[in-house]
């Protein structure tokens, strides 16, 4: 089957030009002009920006917070309509099991036949008794070459201490596995949370009070120190604050392979949201916590300058009425996380590209090209180039809308960006050459998504 | 006329893939597979790396040092056989004349009808009495949107003081003109030179002694301070030493638009070359001076990390027998500069790519893609992409040779890299779709090169 | 009783001059010339340097390592003959008891009637279940206004986590209590120790291998981050490595009240000592571990520049034959710590003053004046000034000797500096006006030492 | 003759205590208690702070700005009533003459027999044709071991370029001469001044506009770079802005001997003063220019932390009616400089000590002890210690007054601090044991001041 996407303005991370894209058997085979004769079908992209499908390198379809589970891959069509064609899911190691077993099992039982976009996986170390550090060398072959550790969440099974982080880095560097961290100081948060509760401050707002920027800054600096000592690259997830960015920039200025992402909500939402009345603040409880305006301004500077290299959603689908309300009397029991996979591209386009904070090429780079590279999927994802998977979106810049949860596919009872204006809209989405979104509506099939193996980073090669 | 370059491995600054390139009327119109039917001619690139032609953003075909002139554009076929298809010439403002007049005049009288590769120009401010600062706003329209000032060379007509630099930056930023500087402290060099001469140290080696790294570091920091105060971007040419790189990195870490290049010889040649007997050392007299090994190692790190964004040749064709010998009794009279346009790609490939210090994509980025962007030529040069000029080289990685001046086209009686091994070779070169080098031999015509207008950087746009 | 010390060269932290000192009732009452008529007794100090008695702000007379105890205050005459007239003892909080109770009890049962020099105390937090953080506000009144926490020693009862450190800092700042830390990353040491043991590396040398500089650097940076967040001053004990000093200097450059000491052995002994055969290396097992030469060189620079403000002994009297041998098969069981109170002044004079690395005034400042200030004893100790305690030493710069354990009073079967040359010697020592050392021999009485209350630092006052 | 100062609270840079001071033949011979029997005369200092007389290391009694001269040593009793007993005068090298000749000549013809406080001299290099760099080695013997260069004032005879600064540093370091700089970028000021005038902005306020902080920051960084390259200590005079302080702190953090002072007016007066109507702004024209509030706040931090080590007056007695009015139509012709020697101690006490920003000991250190050390006068000046000159002030902390020019001895028609409140007052002043100020009135004799030779800094000794 061959298909021509015609007359669009193609935007890659590097350039922007008028041209046509010829797709065959799900791959991009030619780019240029006068390719009509080779195509059986034609999509007209006149007036649209034609970009690689989004790669959301940080989503949660299986996260469990104190017994409560998020919405799963059955909602992944929300990613599709948002312009994302590949998601990377974080999977917590099961107690007593290996990472590969855990992910294989989860993949077969809950993802295959369900996912509506392509997918890959990160493992999360939770049980060091299983020989998990020795298992790291087997991850590349299994196609899961990225592992996260949580420095935060004292007392939770998925919390890791510095020794675990160091050991993981030590083992990972020899085989091209990328270690990621959630960098917040668990001890300090625990102390500050107890202080809040003791003083009778149990409301959602105190989630932010008990997780001030310094707990992130300290842990980020510590993680970098450890990575440096181990001689290993490190990836910091969901960076939210100036001090942490500065620590990353300092490390990069020394030539260290230290990288980080931020997430949509850290640009657009703030600490003040947690103060909303009637427990509405609980909708905005995520970790790290939402920040003040100066941090948000600095985030724009950090993505413009390449100090952070990707924007993910950190999508986490807990509902408000039941799940968030677990913490009505104690913010520590509010499940952490907020939905967002559906809004990532639209929000970043509207408040980044349309305001002139970033260019269209930078947008593509942040939501698709570099994420694919971070995860080792750049051999087939994240770029409009010869040989790449035909994961392509047509973005119509002329449409305007207001974000509302009414038509959302995320399966949650609220939307973090409710009521905000959006400029432009994902009009069409192709997944490996097949149209899965048309006129903004999902038209694909359950289970159409495929597992994509991540490749390890090359040893003599600066990955990101 | 249409032409297909077939079966090669295409290397861009961003990716690398097998594919064919369809060229029509001097432009790249399609990239992909099965494009044969559209082409009238075919070049087989099997086994070759197909890359954008080099852009050498820093050459001297008109430089005059105390009355002695370098070889001119009649030697620009040397660039071609070296894989460079665009050169950017620095033109000194004539006394009493404007920059545009000077360049227009030079272009018409000495370049048009002579140049064998495409070309653009930078102006150099030498006479502030002409209202040259007010002229800056007219440069974009003339297509010369880059201006250099010399902080070095006390007492020379082309020396500029800090006020001139500040004024130029102030005027330039509003119209998207990029200011470049040669950053060395003129006063200190003058003092150190006199010290050397007074102590009877007149040999070429003392050129390096009297221009220690600190004179470059100081001037670089000063230039950055001034650019920061004026709120303007700044480009530092031929950065050669760690301290200057660190100053640039610190500026970038603050989000300032401060960029720099280095040159081939700073990687590969060192201070010890200036100590060669029988006045051989004079061949290596250039400014900044060649450095010690630790600086050279740091340069590799700096291009790998993107701290410096381009590698130019700073080509300067003075011969040794007559011109360099002017300074036989006083190193201050040795014309500064060394030839190198012919060797830039070969040397960087051999000692950068083949040793694993940089990747092929990074190579392309450093010698072609980013230079084109720096100069405002990226709308047509520096990339293998749809709509770009078909400036394309086929690099054969299997050939090995020894650098010798014997077959050089540079028109100078020595080669800085004489006797060094080269891996790979430029086999074919296309200039806007026409074959000008075949089997390593220049087959083009005098005057085939065209003037390419530089475009100013966009004001809301981080250029580089 | 009145006494005149005549004809000496008086050295204070600030100046140096010929003059006489009149002592009355244990206090310095006048300094100057022609004071003979006022004195009943005269000591001739001709040819001697007359300096304030040493204040050793970091000693261990009660430390217990896995059940083994160090020599106690019955050996404190060793401090006296070494020129130290005040020691500050670290006392571990007893399980289930408060800090004040613990120290009061220890003081009465084991120090009063025994000590041969004056003394003060630091508390060490080991049991947070006792409301110890709330007890901090009572410490100033008890005269124990300094508290240490151990970031090192995972699994030991005296280990503290970051929450404890933060809480202690938070409580301390309001009442002028100084928090001190032993800054090493407990988790990483634990991991590295296990790695060593698993690989069969059980010898003393691997104590140093498993405690590389970075474990100190990381913990120092973390402690500073926490102190900064809490808005509290912090004192880092036994700083041994460049990275930690740099972290302190960076903090000071921001105006933060972050200070640190180093110890005699970090200047003079090195990692290579731990490699000595026949288990001799165990003599040098202390924490942080001994370092390489570059760190030692940097320590001299750091005290010359005031980056570290004191030199203590960290005296710890474990014997080698029995106690150190606990770890013959596993370095983790070697009691940490080395003797040194007797040699502190002599070694620092010999290798610091006599080599020109520091001046005599700087020497006095490092071993006496600033330590007294650090601990809140500067109202009566550490200075030759009107109203101060007449704790005075006469140092004879002409004597030369070789350090030997034979005549040591430290009560341990080895001396860390065995065989090293010493220039100059403590000839006489006065404690509150009474001669306790004469001609280098201890002539005082058991129990002659007195408890000196520390005063809290003033809140609007930069203490150190 | 012997004299006892009794019952006062003695404040030194290091401590504070009740005690008596015995003075004999102009020197302090004893300090302590019960010294009455040795004294012929007694001064009762009950309720007063007894401190070393101020050392004002930066005054101008001979400065000439475009032909206009400041008030000379005949006004130096103003220093005395202000509590300053030693002033250090900057003497511009006469054209064609050596530094020593110039100073000797000035000293004999205009200072001896006139000065009412003790004095020393700094030379200022203005004519490099005289072999002045070779003369540097003779300065210590002449007792003038400090030399200043002006980086500012383009086109003025006393302007120096970077080569002169480097050469002076090179020569000075071997003989213990301290090089000082006025650090402002002359080129940039010149350009900015011309911009102002061209735009019709000729009023005093534009003096500050054309000398923004960055011109000081840049020159400070440049001077430090040059001093570092030359391996020489450097002293930066009248530091006024955060960026320059940060540059000094960075240098100190590397262990470099880079030091600086600030002046009274930079704490207390601001850029807004220059905007005063009716040409009143001209009273505040000095260089560097007065700054904004944030710089002023940072200055307090910088003296508290020891980043700047002295506070001088930079006293410069031009009158307003005639001399300042030279620049009525062009701020460039306003003589730079403001009076202040009379107010230095009172203002710093009132706005520093009384507000709790600095302690009394820090005050003494900043106005007396360290200035004496900076200049090599600390063998006899700046301290209340045995053997020091009996330059002593009695400060009465209970008096309150309003600054007014009415009773001023400065000989100028305005006072920079007019109308500001002062707490405390200099009650008595002794100059080498003789009472020259009593009850705040000058009672000494013209010519009572003596020349005090400065000593060079020791080579193995960190001077400041």
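By written order: A, B, C and D. Residues from 1 in each chain.
Keep this in mind: a contact is a pair of C-beta atoms (placed from the backbone, for glycine too) under 8 Å apart; a residue touches a chain by one contact, two chains touch by 3 or more.
This is a predicted model, so every value here is computed, not measured.
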item: From chain A, the most remote chain by mean C-alpha position; value: D
item: Separation of chain A from chain C, taking each centre as the mean of its C-alpha atoms, in whole Å; value: 51
item: Separation of chain B from chain C, taking each centre as the mean of its C-alpha atoms, in whole Å; value: 60
item: Shared interface positions of chain D, touching two or more other chains; value: none
item: Touching pairs - complete list by chain label; value: A-B, A-C, B-D, C-D
item: Residues of chain B that touch chain A when the two form their complex; value: 10, 12-15, 17-19, 22, 28-35, 38, 249-250, 252-253, 255, 301, 304-305, 356, 359, 383, 385-387, 460-462
item: Chain C-facing residues of chain A, complex; value: 161-163, 166-167, 185, 187-188, 190-191, 212, 214, 217-218, 221-222, 225-226, 228-229
